[in-house]
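Labels run A, B, C, D, E, F, G and H following the written order; every chain starts at residue 1.
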Amino acid sequence: MSKNFRIDYQREERIGFQEVVFGASKTIDQLRGIIQDFQKNHKSALVTRLQKKKAEVLTSEFSPSFYDQTSKILLVGEFPKEVVEDEIAILSGGTSDQYLVDEIYYSLLFVGRKASRFHDVGVAGVHRLLENIEELRKYSVLIVVAGFEGALPTVVGGLLPQPIIAVPASVGYGVSKGGKTALKSMLASCANGITVVNIDNGYGAAMAAFRIIHGK
Amino acid sequence: MSKNFRIDYQREERIGFQEVVFGASKTIDQLRGIIQDFQKNHKSALVTRLQKKKAEVLTSEFSPSFYDQTSKILLVGEFPKEVVEDEIAILSGGTSDQYLVDEIYYSLLFVGRKASRFHDVGVAGVHRLLENIEELRKYSVLIVVAGFEGALPTVVGGLLPQPIIAVPASVGYGVSKGGKTALKSMLASCANGITVVNIDNGYGAAMAAFRIIHGK
Amino acid sequence: MSKNFRIDYQREERIGFQEVVFGASKTIDQLRGIIQDFQKNHKSALVTRLQKKKAEVLTSEFSPSFYDQTSKILLVGEFPKEVVEDEIAILSGGTSDQYLVDEIYYSLLFVGRKASRFHDVGVAGVHRLLENIEELRKYSVLIVVAGFEGALPTVVGGLLPQPIIAVPASVGYGVSKGGKTALKSMLASCANGITVVNIDNGYGAAMAAFRIIHGK
Amino acid sequence: MSKNFRIDYQREERIGFQEVVFGASKTIDQLRGIIQDFQKNHKSALVTRLQKKKAEVLTSEFSPSFYDQTSKILLVGEFPKEVVEDEIAILSGGTSDQYLVDEIYYSLLFVGRKASRFHDVGVAGVHRLLENIEELRKYSVLIVVAGFEGALPTVVGGLLPQPIIAVPASVGYGVSKGGKTALKSMLASCANGITVVNIDNGYGAAMAAFRIIHGK
Amino acid sequence: MSKNFRIDYQREERIGFQEVVFGASKTIDQLRGIIQDFQKNHKSALVTRLQKKKAEVLTSEFSPSFYDQTSKILLVGEFPKEVVEDEIAILSGGTSDQYLVDEIYYSLLFVGRKASRFHDVGVAGVHRLLENIEELRKYSVLIVVAGFEGALPTVVGGLLPQPIIAVPASVGYGVSKGGKTALKSMLASCANGITVVNIDNGYGAAMAAFRIIHGK
Amino acid sequence: MSKNFRIDYQREERIGFQEVVFGASKTIDQLRGIIQDFQKNHKSALVTRLQKKKAEVLTSEFSPSFYDQTSKILLVGEFPKEVVEDEIAILSGGTSDQYLVDEIYYSLLFVGRKASRFHDVGVAGVHRLLENIEELRKYSVLIVVAGFEGALPTVVGGLLPQPIIAVPASVGYGVSKGGKTALKSMLASCANGITVVNIDNGYGAAMAAFRIIHGK
Amino acid sequence: MSKNFRIDYQREERIGFQEVVFGASKTIDQLRGIIQDFQKNHKSALVTRLQKKKAEVLTSEFSPSFYDQTSKILLVGEFPKEVVEDEIAILSGGTSDQYLVDEIYYSLLFVGRKASRFHDVGVAGVHRLLENIEELRKYSVLIVVAGFEGALPTVVGGLLPQPIIAVPASVGYGVSKGGKTALKSMLASCANGITVVNIDNGYGAAMAAFRIIHGK
Amino acid sequence: MSKNFRIDYQREERIGFQEVVFGASKTIDQLRGIIQDFQKNHKSALVTRLQKKKAEVLTSEFSPSFYDQTSKILLVGEFPKEVVEDEIAILSGGTSDQYLVDEIYYSLLFVGRKASRFHDVGVAGVHRLLENIEELRKYSVLIVVAGFEGALPTVVGGLLPQPIIAVPASVGYGVSKGGKTALKSMLASCANGITVVNIDNGYGAAMAAFRIIHGK
C-alpha cells in the first residue's frame, strides 16, 4: 500500500516548532512508517501518549531513542544538547499528576527549554504554595496542573502576575472522573487572565508556553 | 375547591424544625391558603424563593410579615426574640453571592440562630481569608458559599477543622452558568470532609448546620 | 530521581486528621516511597481505593499492614487500640453498597471511631427502615449510602433529626450508571438539611462525620 | 393559504382514543384552523399545554369550551356525561405538582375516567403515604407525580402491587431544574415494575393508564 | 462475619412478586450467601445480569439451576410447571437486542407467564411490522425493545391500542452508545400513552407487564 | 465607526450560492449596514432567523422586501422569476414544525428551487406516510423535518432510495426540549444513508439539497 | 432454537442497496446463522465493525471472504468486478482517521463505487488542502472525515460546491474523546449546506453518498 | 447596613492589574457602593457585562463615565492617556462576535493597550484570513474570537507562531447554543499551543494577553 500520511515539514518554519506524532490511536505499523519518514528528513520524531507495549517495540527498532513510561513520551533522536533554564515553572498538586507534569517537561525539553517542577503545592495545604511564591516569581511562564476540583490555578493566579497556563488532569472519580470538573473550574476561575488547554494536553500546554517564550 | 395540600405539622417534633414553603413554583392563591393554614395552627410560615411581585401581595395581606428582596425570604409571623450567636459563620467570595448568604442567614434566624457573615474572603485574593482564620476558628460550623469555580471551600477545608457545608451559587456564565461547575468542584474537593448541598439551596445549608448544632 | 512529593504532616494539627493517600492513580513505586516517608515520620499510612494487585505487593513489603479487599483500604500501621462506639451509624440499601459502607467504616476506625452498620434498610421495603428508627435515634451522625435512585437519605431525613451525610454509590446501570442519578437525587432531596459528598467518596463522608463529632 | 395539517381521525378506531392537540408551540391561527376542522368532523378538541393568552382568545371564539389555568388544558366541546370512577388514583408530593396532577385528571376525564387525587403524600413525611395505603389498594392503576428527587414512586412501588406510572415534574432548581433528576430517579428505581413517561407529560401518563384500563 | 443482607420475603405478599437478586455488582461469596438464604426459606432465587464466570461457579454448586448466557439470567430452582401463554408479546428490531428480549422472556417465565417473541420487526423495513399487526392485536400487553434511535415503540403505539412498555437497549455507538438516545426517543414519543423503563431493564419491563396482567 | 464586516461576494462563484445573513444575533444597525452593502454590490440580501420587531423596521426601510413571520426569513430584493419545481420534497410530522418547513421552502426559493411540502405525514399515524410513497418517489431529494423523538427520517429512509436530509426541530419539552433528542435519534437512525443538519438549521438543509441538485 | 432474525431482502429493491450486518454486538453463532441465510439467498454478506477475533473464526469458515483489520469490514462473497471511479472523494486529516476512511472505502466498493482517498489534508497545515482544491473539484461527492475539533468540513465547505458529507471520528481525548466535539462542530459549521452522520458511521456516510450518486 | 464587600486594592501590586467589577449579577445599589469605594481610593472602576438599564442609571450619577452598549463595558473614570499600539490583534469571524471583540478591546484599553481588530476573517471564506497573514505576523499576541464551530483558532494556529488566546462566543443555536461547541472545539484543536478562556470571557482573554505583554 502506498503511503497514507504526509508530514507537515514546513510547520517549524511557519510556527516555530515541528509536527509531533499523537501515538495513542496509531498502530505500530503506522508509527514505524511515520518515524522512518522523519528520519529520511533528518528530523527527530517526538511521539506523545504512546502505550508502553508499542513503545517497547519501537525503542528496540530505532536508536537513539528514549521512552518515559510515566509520561508516555517517546523520542526517536536526541534532546537538544543546549537548553535554556529558569524560564518556565510547572506546578502540581500531587503525585497523581506526575504523568502530566512529565509530559510537559519532556515536550519542553524537546524544544530546548528545561522547566522547573514544583510538586505537591496543592491547595488543601495552601502554606506549601505560599512558601514558594518568591521562588515562583522568577519564572516567565507558569504551567499549573491540577485534577479533582482544579482550584490551584485560581490561587496562583491571585498571587502572581505571569502568564498562567492551566492544565486539567483526568485523575479523579465520581464528578471529577475524566477531568471535566477540573477543566470547567479552571475556565470559570475568578482569578483573571488564566488560560486553559484540553484535559491531559501536556504537549499543548508546553507549546503554549513555548509560543510565549519564543517570541520574546 | 377543597384543600389540596396537607402541612406536615409533626415534622418539628420528629426532626427538630418545621416544614417551610417553597415559594417559587406556587401561585398566590396556593400560598395564601397555605399561610392561612399555618396561622390556624398557630405557627409562623417561612416562604423561600418568593418572587418580589407575589411577596408584595402577601405582605399587604398578612401581618406581621417580613420580606427580604435580596434573599427572597418571606416570613409571616416573627423571628424568635432570643437567638444564639457565635455558633455559625457564613463565608462568601463576593457581593454576587449575597442573595444566598442572606437566605442562609434568615433561615437560621428563623430557628433561633444568628450567624456571622464574612463577605469577600474569596480565593482570588487569598490573604483576605488568611487574615480571618483565627476569628473563624471560634465557630462550630462553617457554611461556605461560592459561585464560578467554587474553590473557596477547598481552601477553607485545608485550614480549619470544623464541619464545612459548601453551597454552590448559580452566579457565573459560560461553563459556570447555573452553578454546576461550582457544585462539582465542591464535591470533588481535595480537602477532605467537606459536604455539599444543591445549587442555591441556602435553606438546606442552614438546616444542615442546625442539625449539627441542635444535637449537641 | 529526587523525591517528587511532600506530605502535609501539619494537617492533623490544623484540621484534626492527617493526610491519607489516594491509591487508585499511583504506581507501586510512588506508593512505596510515600509509605516509607510516613514511616520515617512515625505515622501510620492509610491508602484508599487501592487495587488488589498493588495491595498484595505492598502488604508483603510492609508490616504490620491490613488490606480489606471489599473496601480497597490499606493500612500500613495499626488501627487505634481504643475506639469510641455508638456515635455514628452507617445505613445502606443492600449488598451492592457494601464496598462503600466498609470504606466509611475503616476510615472512621482509623480516627478512633467504631461505627455501626445497618445493612439492607432500603426504600423498596420501607418497613425494614421503620423497624430501626428508634435504634437509629441514638446516634449522633447518620451516614446514608445509596445507589440507583438514591432515595434512602430522603426518607431517613424526614424521620430523624440528626446530621445526615448522604453518599451516592456508583452501582447501577443505564441512567444510574456511575452514580450520577443517586448524587443528584440526594442533592435535590425534598427532606431538608441533608448534605452530600462525591460519588463513592466514603473517606470524605467519614471525615465529614469526624468533623462533626470531633468538635463537640 | 391551503390547509397545512391533517388530523388523524382514524386514530380512535385504531388505538382507542383520538388525536389531541399540543398547544404550546402553535399559533392562534394554527389552533383556530385545527379546532374548526375537529368541529367539522363532529369531534371535541382537547388542547394541552395551552398558554393562558392564547386560551383566552380561543375560549371567546368557541363555545362550549373549558380552560383550566393550572393545567393549561383547553377543551372545545364537553366532557363525557357519564364517567367511570375509582379506577385510577393520582398521587403527588405537594402543591407544586398540582399543574401536572390536574393535566392528568382532565385528560382522563376527556376519555370518561374520573380519577381520585391524593395530594401531599410525599416521602419527606412518609406517614402521610402509609396512612393511605389501604385506600390506595382499591385502585387499578396508580399514577405517581413527583419533582425534585422523584422518590415517591419507589416507596409506592415497594408497598403496592398495581401498575405504577411515574410522572416526573419539572419543578425544582439546581440539579433538579427541568425535572431530569426526577426522571432519572424514577427510571433507576430499585422498586421493580415501575414505568415512566416524559417530564411533565401528564397527557401521556393519562393515556398510558387508559390503555391499561381500556383493555380489561 | 455476620450476615450483611436481609431479603424482603414479604415482598411477594405485598406486591405480587418476590425479591430477585441484581447479580452484576455482587461477588460470588455474596451471591452464595444470598442464594442459600433463599433456599432456607424454600424459595427459588432469580439472579439477573450475572456474568458468565460467576454463573459457572454457582451453577456447579447449586442444583437444580439454569443459566442463559445471552440474557445473563440465573435461576436456582425451577420455572413454574404451569404457565399462561398469549398474554404478552415482546417485539424487537433485530438480533442485537436478543439479550434483552430474553431477559424479559425468562423474567416473565419465572412468574408464570410465557411471552411470545417477535424478532426483527424493526422500522427500517416497516412492512415486517405491518404484516404482524393483526397477530399482535391478540395480546394484552406489548413490550417493545429497541436500541439505536428507538423508533419502534412510536410506530407500534400509533397502530395498536394495548399498554406498551418501551425498553431501550444499550446497543449502538456514537450518539446512541449506552442507549440514552433510544431512552429519550421513547420518552419523547409522539405516539401517546407509551411508558418506558430504564435502559436494559428487561426485568423491570417484565414486572411492569406482570403488574398489568396480574391485577386483571 | 468604520465598517466592521466584510461580505464574501466571491462565495457564489466558489460554491454556487451566495453568503446570507444570520439575523438573530445582529442589531438593527448592523443589519442595516450589511443590507446596504449587498445593495451597493447589486445583490439581494437574505436574512434568516430575524425577529419580528427587527424585521418590521427593516421592511419599512428597504424595498422591495419580503418577510415571513413563521419562518422568520427576510428577503431584501426579489425571489427569482423562474424556478424549477418537482425536485425537492419537504416532509414534516405536523403543524408545530411549520416554521422550519417554511425556512427551508423560502431558502430554496431564493436559489430558484420551488419545493413541495408534505404536512402531517408523521409516524404516529404511519398510514399517512404510506399513502404518499409513490408520490414521494418522484423527487430527487427528500428533506425530512421532525421534532420530539425524530423518528420520521428512519421510516422514510427504509422506504425510499433518494438522498435524505434530516432536520431536527427544537419543538418538544422534557427530554425533547431544544431538539437534542430528535437530533440524536436522526444520527442514530437504523435506516442507512441518512444525513443530518443542526437543530432548526432549515437554511443549511436547503443548501445541502441545493448542492446535490446543482451538481447534476 | 428457531431462527430469531429475518433479513430484509426486499431492501435493495426498495432503496437501492441491500441490508448489511452490524457485527460489533452480535455473537459468532448469530453471525454464522445470518451469513448462511444470505448465502441461501445467493447474496454476499457485508459485516461492519467486526472485531478481529470473531472475523478470524468466520473467515476460516466462509469462502470467498475478505476481512480488513483497520476498517473491521468483513465481506463474505466478492466485491463487484466492475466499479465506477472518480465520483467520490474521501478526505481526512491524518493517520488516526484511517479506520474510518477505509470503512467508507470498502462500503462504497461493495456497491460498485471506487472512491479516491486524500490523506492528511488537515487544517493545522491548510496549505495541504489548498494544493488539492482543483483536483477535488472533479468529484461529485466529498466525504470529509475528522476527529478532534472537526474543522476540516467547514474549510472544505467554504471552498468547494459539491455535496459534503461530514463524518466525525471518535479519536481524541479529554473534551474530544468519543467524537462528540467533532460531531457538534460539524453540525454547527458556519459553512452552509454540510450534512453530518453519526460518529464513526462510515457505512452510513458511504450509503449517503451512494444515494446521491445512484439517483443521477 | 454595613459594607458587605471588600475590594482587593493590593491586587494591582501583586499581579499587575487591578480588580474589576462583574456587573451582570449585582444590583444598582451594590454597584453604586462599590464604585464609590473605588472613587474614595482614587481608582477608576471598570464594570463588565453591565446591562444597559443599570448602566444608564450609573452613567447619570458618576462622571466622567463611559458605557459601550455592544460590549456592555462601563468605565467610571478615564482610559489611560497614553497607550501602546501594535502589540495585540483581535481576530473574529463576523459581526455576531462584535460584542466580545469590543469587550476585549476596551478591557485592554483600560490597561493601556490599544489592540487592532480584524473583522470577518472567518474560515467559511478562508482567503480573507490568508490575505491578512503577513499583517498579523507583526503582533505579539493574537486573540481569536469565534462562535458556532469555533474553527478559526485552529487555522490561525497552524499558520502563525505567536501566543494564541481563543475566546468562544455564545452566539449560535442548536448544538452551538451557548458556545459550548466552540469552547470544546478550541480545546480539542489539532493546532498545538492554543489556549482557551471561558465562553464570552473577553475580559479574561484581555488580561491573559496583558500577562504575556506585561512581563516582557
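By definition in this document, a contact is a pair of C-beta atoms (placed from the backbone, for glycine too) under 8 Å apart; a residue touches a chain by one contact, two chains touch by 3 or more.
Values in this document were obtained by computation on a predicted structure and should not be read as measured data.
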- Query: Measuring between mean CA coordinates, which chain is farthest from chain G?
  - Reply: B
- Message: Please tell me whether the contact surfaces of chain F and chain H are same or different in residue numbering, using the over-half criterion.
- Response: different
- Query: What is the distance in Å between the mean C-alpha positions of chain D and chain F?
  - Reply: 34
- Euclidean distance of C-alpha centroids - chain A vs chain D, Å: 55
- Message: As a quick test, compute the distance in whole Å between the mean CA positions of chain E and chain F.
- Response: 43
- Counting only residues that touch at least 2 other chains, which ones in chain H make the list? 11, 94, 124-125, 157-159, 174-176, 180, 183, 187-188, 192, 198-199, 201
- For each chain, which other chains does it touch, given as pairs? A-B, A-C, A-G, A-H, B-C, B-D, B-H, C-D, C-E, D-E, D-F, E-F, E-G, F-G, F-H, G-H
- Item | Touching residues (chain side chain E, partner chain G) in the complex | 70, 94-96, 98, 117, 119-120, 124-125, 127-128, 171, 173-177
- Query: In the complex formed with chain C, which residues of chain D make contact?
  - Reply: 93-94, 122-126, 148-151, 154-155, 157-159, 172, 174-176, 180-182, 184-192
- Note on the structure: Listed in rising order, chain B residues that touch chain D in their complex are 4-6, 8, 10-11, 19, 22, 24-27, 30, 34, 49, 168, 170, 178-180, 183, 198-201
- Note on the structure: The residues of chain C that touch chain B in their complex are 11, 14-17, 20, 140, 157-165, 183, 187-188, 192-199, 201, 203-204, 206-208, 210-212, 214-216
